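Working notes, beginning with the structure itself.
Order as written gives the chain letters A, B, C, D and E; numbering starts at 1 within each chain.
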Amino acid sequence: MLAEFGNILLFLIVGILFVAMSLMVAKFLRPDRPNAEKLATYECGETPFGSARVQFNNRFYIIGLMFLIFEVEILLLFPWVMVFQEIGWYAFTAMIIFVFLIFIGFAYELGKGHLQWDLPKPVIPTYVEGVGVVEEADEEEESPVAEPIMETNLNPKPN
Amino acid sequence: MLSWIVFIPILGMALVLLLPDSKRDAMRWTAAVVTGIQVVLAGIIYMSFDQAKTGINNIESLQFVEHFNWITVDAVPWVGKVNIDYFLGLDGLSILMVILTALIAFVGVISSWNIKKMVKGYFALYLLLITGIMGVFVALDFFLFFIFWEVMLLPMYFLIGIWGGPQREYAAIKFFLYTFVGGILMLLTMLALYFSVAHTDPVTGESVHTFNILHMMNPENFVDGGLLSGWDTTWRYVAWMALFINFAIKIPVFPFHTWLPDAHVQAPTPISVILAGVLLKLGAYGLLRINFPILPDATLYFGYFMAILGMISIIYGALCAMAQEDFKKLIAYSSISHMGIVILGIAAFNTQGMVGGVLQMFNHGIITAVLFLSVGVLYDRAHTRGLNDFGGMANQMPRYTGIAMIGMFAAMGLPGLNGFVSELFSFLGAFETYRWITIISVTGIIITAAYILWTIQRIYLGEVPDRWKELKDLTLREYISLVPLIILIILLGIYPSLAIDLINSSLSGLVELISAGGV
Amino acid sequence: MLNTLENIIPSPVIALLIFVALPLVLVSIYALFAIWMERKVAAHIQDRLGPMRVGGWHGWAQTIADMLKLLQKEDIIPTNASRFLFKLAPFLLFAASYAAFSVIPFSSAYIGSSVDIGVFYLLAITSLLTLSVLMGAWASNNKWSLLGGMRTAAQMVSYEVPTIMSVLSVLVVAGSLNLMTVTEMQTGNTTLGFLPDWLIFQNPFLLIAFVIFFISIVAESHRVPFDLPESESELVAGFQTEYSGMRWGIFMLAEYADMLLLSLLGSVLFFGGWNSPFGEFMAGPIWGFFWFILKGMVLVFVMMWMRWTLPRYRVDQLMQICWGFLIPISFVNFVLIALWEMIF
Amino acid sequence: MDQQILHSIGWFYPEIILVLTLCVIILADIIIKRDKMIGGRILLGGLILSGVAILFQVGVNESVFFDLVAVDAFAVFMKLVIIVAAIFVVLFSMNSAELSSYRSRIGEFYMMLSGMVLGMLLMVGATNVLLMYLAFEVTSISSYVLVGFTKKSGRSSESSMKYIIYGAVSSGIMLYGLTLLIGITGATDIYGINETLNAGISQPTMFNLSIAMILVGMGFKVAVVPFHFWAPDIYEGAPFSIAAILAVASKIAAFGLLIRFFSVSFGAVETAGGGIWEMLFTDQIPWDLIIGIMAALAMIVGNLTALMQDNIKRMLAYSSIAHAGYILMGVVIFSEQGVSSILVYLFIYLFMNLGAFYTAMLFSDSVHTESIEGYKGLGHRAPLEGISMTIFLVSLTGLPPTGGFIAKLYIFGAAVNAGWIWLVAIAGITTVISLYYYIRVARNLFLFKPEPNSEKLTFNLKSKLILGSLLVPTLFLGVYFTPLIEFAKQSITILGLN
Amino acid sequence: MNNLLITAISNAVLLSEPALEHFLIVGALLFSLGVLAVLSRRNVIMVLMGVELILNSANLNIIAFSRFTNLSVEGHMIGLFVIIIAAAEAAVALAIVLNMYNRHKTVNLDEINSLKG
């Protein structure tokens, strides 16, 4: 058994070796003439500005957390799958209960709209007598997640 | 009977609480009626009291006994059963105190008539306080004793803290903390006693730990291996000391006295009366009821110690009183001095001294009540208590002066008034046991005479300052509160046997019990 | 297989190395072929011819030429990048992708490592792909890259849930995590009397499971219509923006390897792996390899087909499909499959 | 096996009911949009049902789910106490102004709360190390979220973060200790551990290490010095109702866990008279002394620090640390007497501490300050509430005739009887200290005049009823406590202490 | 045969078959590192990583025990649950950290000190 795991290790090693080898070969073949322009970060030809390590929409974290929960649940289902046919109805019932409980939580998330990817709300300019055109921000609703914390607006939006 | 006298103020309290806020007079009258009933009950008790019965550690010779199981837990035999009794009883030790409490409580209500602030809360707390005090004097189960003891704390805190003088908060919390420290010490000792004492039930034959004070007095009831079992052991001394500190704080004896002047000065007049008249007696009573009979060996061991503390209290209190500018503070310190006499008397371990001590407790309660009331009379009119602010009151308020002077003279120990009798007995008893200490202590009497005469001179004699020309003499209500006390002062001065006969046999029994501790 | 190798080759160590390197040959050849094929498929779908010059017949050597070009290209690491992570990412990506092949039974005679936790291991190690993509993206210190990386991560982790749930559905029926065992279960020709005994035919709900599985693996290997991470028109190739030369080639290679891996997994789980569709006819280790690769390639072809047929989803639609649609269905389906198993 | 499972389910109704309650709250929260407080009502119903189900377990002694959970008198007592506390906390939260600005997600509050209660019920019943840890974490994780529930407040988010960091670290350390213990003994249920340990401890060093680590985790949960530092911050940041449940139910559950774990795992079968600590005296590490020192430190630190607090929540937090010290005295003794006095203490502590938190909540909600100085004169503006708060605080001090006195009496008595005089002395002294800060609140309530133009504070009937139902037991238990003592005694017979 | 290789590798690395002690030592090291991270790091995320290290060290312990002693499958079970708990805890912790960042604009523990007393 341990030897089988050894094989997996060898696979990993072979994979790494392959990459190393091809990069090595490339190193011998390729030119190496860097200059500042070449080494600059690519931003569609513009001079790069600021750091790229910007903050992201909370959505991504929520997805991550949700994924974590589901992965963990699946982790529990794996052993169950293995013994399911041996144990029979009892195992089935247990799984049903388990999946049901997770599902209820999931249904809550869905029902509350926590998994909706929020789309930008158009700000409609209105005309106010004597003031002119104002861009009225929507009333701040309590977002299901904490307020977005974007410093640079990099929220992936549809075109 | 005893339950009634203890719990009737609670009924009164409930009544007061149920009354609407506006009916202030109804509240006052309720309190007066309730305490009046107490006085009547005390009178009945006095009438039907059998003077020959000893009491103390003998259940047959206790009177008005009410005894039944209150809390019994016998599910698991870890330490036998848990047994807490509802056990009230009366003997020579407590009869005077009960009468005193009833009387002073009534007088207190009369003198609180002019309380204006939050009348409802005041009388509710006042009546609760009275229940606590009365309960302590009649409880014969340590647990019950402790509960009543602690019940007094909170009402007192608020009574001083809300209705007191300018520094009331400080005084109240000081009083509270001091007494609470003592309470904790007593609690721990009580627990240690509880686990050391097991009473064998005569009916079932099983051995039961008990809080019953009478059972604790019997050396045979101490179980083997208990913390306080044995005779003359260190733990017994420690336990005695813990209890003594608790009671000494209440009395108060010299190093534990500092709360007293603050509390007295800040408390409103009726509360001062209760405080000095009754509350201080609790300490000495506790010593006699708990320390002396339960731990006689330790009591004898610490005899000199008590006597010396008594001596210091007498002289120190008197000297401090002499230095006061404030009338109320002066009386407060004089209380320390007088309670020192009590300690000295009961530390003598002979019947004379004991009788002197107990009688002094009663007498001082009455005298000091008169004194505080007279301060109150003055303060109500003049709104100052400075001794130097007054003068010539004898001319301005002659009747008041007469009454106050009787109180003053009684405090001084003038023959013919009650103070003389008890002090005499105390010193006589003490002289047999501690000669030199007594001799030194007697000088305290001289100092007392000095400051009292000086006070009389400063307040009542001389010229009336212009600003006091308007002062009126006593009102009817003040008469009602003062006159009965004055009558008692004189009556007991002339015919002390009225009181002595009540307590004599009990105290002889107690002395015997203590002498057994020396064996 | 290993024994045979050991017999041929004198040194056992070398034999072992050859043994574990065999899939590499397959993967490389496949990658070269698939890239060429993709171009051809694309061209033909769009009524073009695609690369025609290099090599000869339909420009079959085009990808080889591309590879040679890649090898000669300058390797640029931007100044702002985190050099270590930047270099590490391709290694991790390919090694993880390749290590996953170790539990795939290529034929009845060849499986790299027949550990009992095969599928579990496979799913676990493919999670490293997400990590390495994100690593490369972050290390590039480029806004496009990071954005692409984040999208990739979000997409891959989201779709991992329905993938695994549909895999689990199969495993409920199969009762083993070892893919070799799973394949062996599907030998025979009994279902309904005429169909091959493949799992997809054994249980009606497994058909649904397969659909979910297929959709999910398309998204997992971020191909159209789920190719948002590298959508060239908006993100300039996403997480790969800063990679060039052979490093980029490795990324490409790994991506194709991933696609193959998931297709092969699908063929094992649903289509009988190396089993012949005709029962005993054309069975055996060599034929098994042929069938297996064929099934895998069919799935790959379908993916390519989709690429040139369907438009790209929006990011919110992408997530909605996964969380609002695939995951609930996969759960219900999972329960139903278990129920079916219990009853029949 | 099926038989065993079905049998077990029969004794598992309280927990099952809570799980169902949780599900129903979730569904109701999605479906019913208008009535936001529906979750609270459902939880209330679920808790009551669950409490009734627990009542059916009185007198039962079962070990269910293959020795995972014990349904015995001890568990029943603890569960009842926890359920009562939870019911009160739900009532508090429905009356709380703090939470009213979170109406849109109050459903989550009740979900988490029911999860927490479930965890606590399991904590007191668990006889398997794994389930113990799981229950511990279920409780903790729900409470992490609940502490940060009012997330728009900076304090709340900060406190929940501190809580999760301290909590995760200490539970991690406890887990490490548990794994060591499991490794040494080769058993995961505490009966098995006991059996192995009785045969002799092969690895004393590792064994002691594991006990120390387990104590870290449990010490954290009961907030005893030196693992207390989280409590004030967390209580201050958390909503009142959550601070209350942390101070009461969570502490009770942790004590239940601790008592069961120690008494069963380390109970010496052979030396029936030796007590729990006998077995633990390997390598002469006096664990009882160490726990005694912890208790003493808790009393001293808790009470002394409470003196300096101006925030009522912080004050109550330090007071609850001190109370953990008092309760821990019973653990030090670990005789039947000690443990039964712990139960008595916990029961009374439940009412008085909840009462204190509740009145504090009422005042803070109406005058918008948590500062004790800000309470000046409030006793005149709201006499009933003021008096109640005074009574609760007096009870916490331990003055007769309130329940707090009985609690202290029993625990002090047990300690005196067991000969821990120095510990009792410290307890006594610190009790006096505690008087000072408790009475300070009463002082501010009553000894100051209210602002001249301030109105009377009015509270609705519901809040008065809640107050009354806390006040009555606090007072009643001070004068008549026989049934409680009997109940407590019967509850611990199962532990086989002596 | 490939057993031989494994043995060779493991010999080279550990000079012996891995035994219980080795796992426990690694576990203890991980635990110490975790505690060190918790104590020395001021970044919340780092602290949480330290916590994960602690949990994993416990996990390693229990798995090792279950492999080498008579603990059998129970150890694995505990390991599984610990992973789950760790995940749940991490999920909650990250959410809380996120929320805290929104309020305080920092993830540095030293800078979060509004609660004092």
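Worth a mention:
Basically, a residue touches a chain if its C-beta (ideal position, glycine included) is under 8 Å from a C-beta of that chain, and two chains touch if they have at least 3 such contacts.
Labels paired with UniProt names: A = NADH-quinone oxidoreductase subunit A; B = NADH-quinone oxidoreductase subunit M; C = NADH-quinone oxidoreductase subunit H; D = NADH-quinone oxidoreductase subunit N; E = NADH-quinone oxidoreductase subunit K.
Everything numeric in this text was worked out from a predicted model, so none of it was measured.
Among the other chains, B has the CA centre that is most remote from the centre of chain A. Averaging Cα atoms per chain gives one point for each, and the point farthest from that of chain D is the centre of C. Chains A-C form the pair with the most C-beta pairs in contact. Centrality by C-alpha centroid: the chain sitting nearest the overall protein C-alpha mean is D. Spacing of chain B relative to chain D, judged by their CA centroids, is 42 angstrom. Measuring from the averaged C-alpha position of chain A to that of chain B gives a distance of 79 Å. Mean C-alpha position of chain D lies 29 Å from that of chain E.
Between the CA-based centres of chain A and chain D the separation comes to 40 Å, rounded to the whole angstrom. In chain D, the residues touching two or more other chains are 151. Among all residues of chain C, those that touch two or more other chains are 16.
Looking at chain E, residues 2, 5, 88, 99, 102 sit in touch with two or more other chains.
For chain E in complex with chain D, the residues that touch the partner chain are 24, 31, 34-35, 38, 44, 47-48, 50-51, 54-55, 57-59, 61-62, 64-65, 69-71, 74-75, 77-78, 81-82, 85, 88-89, 92-93, 96-97, 99-100, 102-104, 109, 112, 114-115, 117.
Of all the residues in chain C, the ones that touch chain A in their complex are 16-17, 20-21, 23-24, 70-81, 90-91, 94-99, 101-103, 112-116, 120-121, 138, 140-147, 150-151, 153-154, 157-158, 160-161, 164-165, 168, 171-172, 175-177, 228, 234, 236, 241-242, 245-247, 249-250, 314-316, 319-320, 323-324, 327-328, 331, 334-335, 338-339, 341-342.
By the touch criterion stated above, chain A contacts chain E in their complex at residues 2-3, 6-7, 58, 61, 64-65, 68-69, 71-72, 75-76, 79, 146-147, 149. By the touch criterion stated above, chain E contacts chain A in their complex at residues 2-3, 5-6, 9, 80, 83-84, 87-88, 90-91, 94-95, 98-99, 101-102.
Residues 335-337, 340, 380, 390, 394, 399-401, 405, 408-409, 412-413, 416-417, 419, 421, 424-425, 428-429, 431-432, 435-436, 439, 442-443, 446-447, 480-482, 485-486, 489-490, 493, 498 of chain D touch chain B in their complex.
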